[in-house]
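Chain lettering (A, B, C, D, E and F) follows the sequence in which the chains are written, and residue indices restart at 1 in each chain.
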């Protein structure tokens, strides 16, 4: 029975590790949260199953593991490490995002800018915790609350932290309904939370077509590092809004984004091999990520209150929290928090404005880091 | 007219070969069988046309042939040689397979295991016919009656035999309705073929969700070589069953699997260049493949009879033949054979159990060979 | 504020160029023509936005530009430079093209052959203008009025001219309704334009299935250089006509072709970096392209008139213009021109015959050039 | 017959059959165990369900809010949502990307474009 | 004009036109021949068809069996299938992957989930 | 705390916030300007539209021609198209690939196969 014995050696028997067992358990928790709690299932289920795939104990050299060049997982993982899965996901997101709410009330864009403060303060915090500069930038972007942006920036600046950063980003995005409400309540008075905002006016088709073109040139002209993300986001949006390329937009927002989501989730999950993932750095990243989300939420809310000091038409500061992006969960959270005080107050329409602006904002922030750090090295 | 003459030299005039003509004819036969006889048309039509594409006589050096690095066909063929087309097809198959029949009556899984004996006996037979060890393993897997598994294992262990193995595997899968009935009848009595089985009970959603997770960990833990196949199969199935990722499952079982099926079929067909394909080895492989199917069918049927010696609720041994996989044709064959004796005997529901178990079984067998031979090589 | 200043240096501030500004303007014009004028929007909108993406001024070394190995755009652009995007588009076109009109009246195929004279005369013209032989061949193919063919041939023979050739080809295809009518009128009498043609007879399913197989073997046997294009075109058509692979044909003509169209358009546009595109060569190519279209149109019309000298059933020479391909715009133009003289004269059905024959014709022409020039070097 | 089978390969032949058998038998066994557990869970749940006879909500809260909001904008006054019938499949409900699309759309003011995101 | 055309290239220009013409003319010729053959086949088939006036089955046997099976399970007794009308397109009938899905589903015992695989 | 922040990195922290703010503020400003321009355009267009009370054609000319052609073939005589109602979405109208498919199909003589290209 030597044959059987040798055979068992290459599997769990010969490579057992408690780290892998822990990661298998975490994978199951991710799947459970996705299915039973309905937290971002399109992300948590693939990532969770990917964790299982990446943490089956096995001998290396079998051309199976995601870090073994030539294996199927390694090949599919290249879309992550080379950064084009995130770009294609942004293409699909652009083709499904309606910027009308934002275009109708442009001043709300500033809330989406304010919330990105979380990114840069976490960057500083990461430096304080001893991370290298590039790593700190990649960790900071967790505060952007945008999975594809975080993965893209990590792939360019800190590939060795990609798994930890992606897992942290998606975890906190899934936990938005838990994290944000207490912070919002802490920073606002009941009177503020009761503010009703005027229903905004419709936006003409012409503006919706011009917007992606102009916004792309502005963003990319100033922060060219954002081209690989915003180029695709605004391209997808133009396909959607042009009215003559609906066929392409439909494919971009259905089979194309679905395919990439499946592969991205699976590969990101599979990259969390215990020996690479269960490290002190991952713990620090998790802590910094949580901090990042809180700071971003607070920054958005506080900035809304500041804006109210200078304008006549008051903004309900709750919607500042939607500036973190995490589309559309964080806009839902705003609606929920507002409705607790006044069930007839429909904030979600207004919250979509900072919400989508936050996506642009974090892509610009990623562009800033890329311009700074890729050039140097 | 030198120009015209030179031009003709690079085409059929300068490179005529009877081998290519024969392969063109075989390609036409494949297309004919697919269209007129409706034998597995989704596989035979692409493979058949691929044979035409791969056997047009031409001078090498034009960057066109599938074996010329840089040509379009070469690039698309990489999905086959690197093994990720089969994995993606398994993702789609997982997203369209309902394991309910099997979960409802777990003991029928053993029939799916028994039929894999064909794989290992053909492996031994190939060694006897003088094939090298790795080649013999790849040839043996034809008995698994599962195209993607056969292609995946060949790509890892015996790339030079890939065309012959894939063609043999798909040919016999198409011929299942011809091969299996006589064997079944030979090995069973009329009384056995008349056995009626109880309609099985429905399975809860919870079990259908837990199954792909648990089954993956068990299979991959013991036979990690199967990860590249079963990881994708069970991932696809989880996407289907979770109820919250239907969107991803739908894309996996429609545009994703269709696209890969088109490219895989075309490339496998185009890889059967006459000079590589028309060899004694191919003839041996064809013979071994036929043997393999027969042994697998017999093993499934006989094992069902053995199980009947020990259990009270008798199994109709016909459904043992469905254990070879070749989903769903071989389950249909079981129904057909059973209905000849008793038109009111609905075996197909029960036959689906060993049928899908057989898919898992042959992937595990592939994992066994991978563990054994990749490590050494 | 050194940080801000350094940051601005990598963007538009430090890399401003009037060339890029001009290209941004041209990109906007393309988008405008696509959306407002409805000229081939599925091509002009992606190419136009691609021009924006490729002409944002930025410092090199940021891993963003389409010519920087490793950047997202570079990776996606490989489908163009390696030539497999055009092949996949031909697969989709094959799966959506109905060759019935042509099969019903085979002699009209010759009109599709005549119009390809434009390709070879432009090839000669390009040599006269001083282009190298390979470059001249790639420029000539613009007269084929078929985007994927032009891109494929350029990628193989003249990669440095790919952007200019693709832009010229698509521009003139969009301008077909402007270019063709005066030429048609110049070369035909009113009496000729009034010729009515007999409605053609239906074609049996059997013939529609046999056609792609036979036509592929004939074309590829004589001009094997066309395999990478016609292999996919006829394969797609077989999937469509076989009746048993509708599922694959549907994916090929929807999500697959859409995805590739998006990426091809974006990348071709992004490859028109001002420093590479705004050159005298591009101006010459634009002029030769226009010439090419005119010659092709004229050749088709004149050949129809020549055919009328020898046959009894007269051909309306207008439909000769449809031989340039530019499917289906140029067939529409024929209908339009004919209807001006006699609104009850339905030429479009007849014009589809030379129209689709023209696609095959230009692919064969590309095959001729490939056979000639790739072999040599 | 030119080839021969080494002892190791012969062992592999039998071991292979055994391993495949063992893995599938293990799966069969584990499924049986889980099924037995599941039956108990289901029985327990059935009991619990029997007590909760309340008709379950057929639509989630966010959607209800959005419909109310849309109606509020359209009607411009006070009103009550009495009954909501779902026209689209309930499956889409849970997918964030499409939900995002839907939410954004509904937050927008171009109702005639809703078709786009279907 | 800076460039010039070598003799070889001039030959290629004319040869190219000729080759394209020849290939397409050949295709046109072969199609004509095949069409003539096809006309004869069709005539022969039409004759044969005229004899076989039997109304063709509108549903394949496997499907009939499955419907019978489903009914048998549901009704739990003996019965006869009198007439079957197809609700889905008959095209799907022949595609193995989807047929697989359909078969497996129908072999399953969760009829309410059938929607998933459409 | 093991790490420390260099002066450059501290500057980057604040500059980063500032740049993101500046870019988004610029977008907000440009949108406002464009919106104001658009309002004027729309007002001008509304005036122009008010004059043109003509009911617009609901179908493009090519399609009309094709329908006429098809009818001419079918009826085999003279006739007049009185009214055309679109059954498919008007969006498909503009996509060349699908239009190609449709046109070719309609140019073909196998009307029963039209389903394939939808």
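The rule is short, and it goes like this: a contact is a pair of C-beta atoms (placed from the backbone, for glycine too) under 8 Å apart; a residue touches a chain by one contact, two chains touch by 3 or more.
Just so it is clear, the model here is predicted, and its values are computed rather than measured.
Enquirer: What are the chains that chain A and chain C both touch?
Expert: B, F
Enquirer: Please identify which of B-E, C-E or A-D repeats the interface of A-F; the criterion is that more than half of the contact pairs agree.
Expert: Having compared contact pairs by residue number, the answer is C-E.
Enquirer: Please indicate which chain is farthest from chain C, where distance is taken between mean Cα coordinates of the chains.
Expert: Using the mean of the C-alpha atoms as each chain's centre, the farthest one from chain C is D.
Enquirer: Please compute the C-alpha centroid of chain A, do the same for chain E, then give the distance between them in whole Å.
Expert: The answer is 45 Å.
Enquirer: Express in whole angstrom the distance between the two chain centres, defined as the mean CA positions of chain B and chain C.
Expert: Chain centroid spacing, chain B to chain C, equals 40 Å.
Enquirer: For chain C, write out the residues touching at least two other chains, lowest number first.
Expert: Touching at least two other chains: 3, 7, 38, 41-42, 203, 222-223, 243-247, 254-255, 261, 368, 372.
Enquirer: Residue numbers in chain E touching 2 or more other chains?
Expert: 12, 15, 19, 94-95, 97-98
Enquirer: Specify the contact topology among the chains shown, as one of line, ring, star, complete or other.
Expert: Shape = other; not a path, cycle, star or full graph.
Enquirer: Give the pairs of chains that touch; include all such pairs.
Expert: A-B, A-C, A-D, A-F, B-C, B-D, B-E, C-E, C-F
Enquirer: What does chain B use to touch chain E in their complex?
Expert: Answer in residue numbers: 1-4, 7, 38, 40-43, 92-93, 96-98, 100-101, 104, 199-203, 240, 246, 249, 253, 257, 261, 327-329, 331-332, 335-336, 339, 344, 346, 348-352, 356.
Enquirer: With touch defined as at the start, can you tell me which chain B residues reach chain A in the complex?
Expert: 82-84, 87, 91, 156, 209, 213, 216-217, 220-225, 227-228, 231, 234-235, 238-239, 242-245, 247-248, 250-252, 254-256, 368, 370-372, 374-375
Enquirer: Tell me, which parts of chain B touch chain D in their complex?
Expert: Residues in contact with chain D: 103, 106-107, 109-110, 112-114, 116-117, 119-121, 123-124, 126-131, 133, 136, 203-204, 206-207, 210-211, 214-215, 218-219, 222-223, 243-247, 357, 360-361, 364-365, 368-369, 372.
Enquirer: Could you list, by residue number, the parts of chain E that touch chain C in their complex?
Expert: Listed in rising order, the residues of chain E that touch chain C are 1-5, 9-10, 12-17, 19-32, 34-35, 38, 41-42, 91-92, 94-95, 97-98.
Enquirer: In their shared complex, at which residues does chain A touch chain B?
Expert: 3, 6-8, 10-12, 24, 28, 31, 34-35, 38, 41-42, 45-46, 49, 52-53, 56-59, 61-64, 70-73, 75-76, 254-255, 258-259, 261-262, 266
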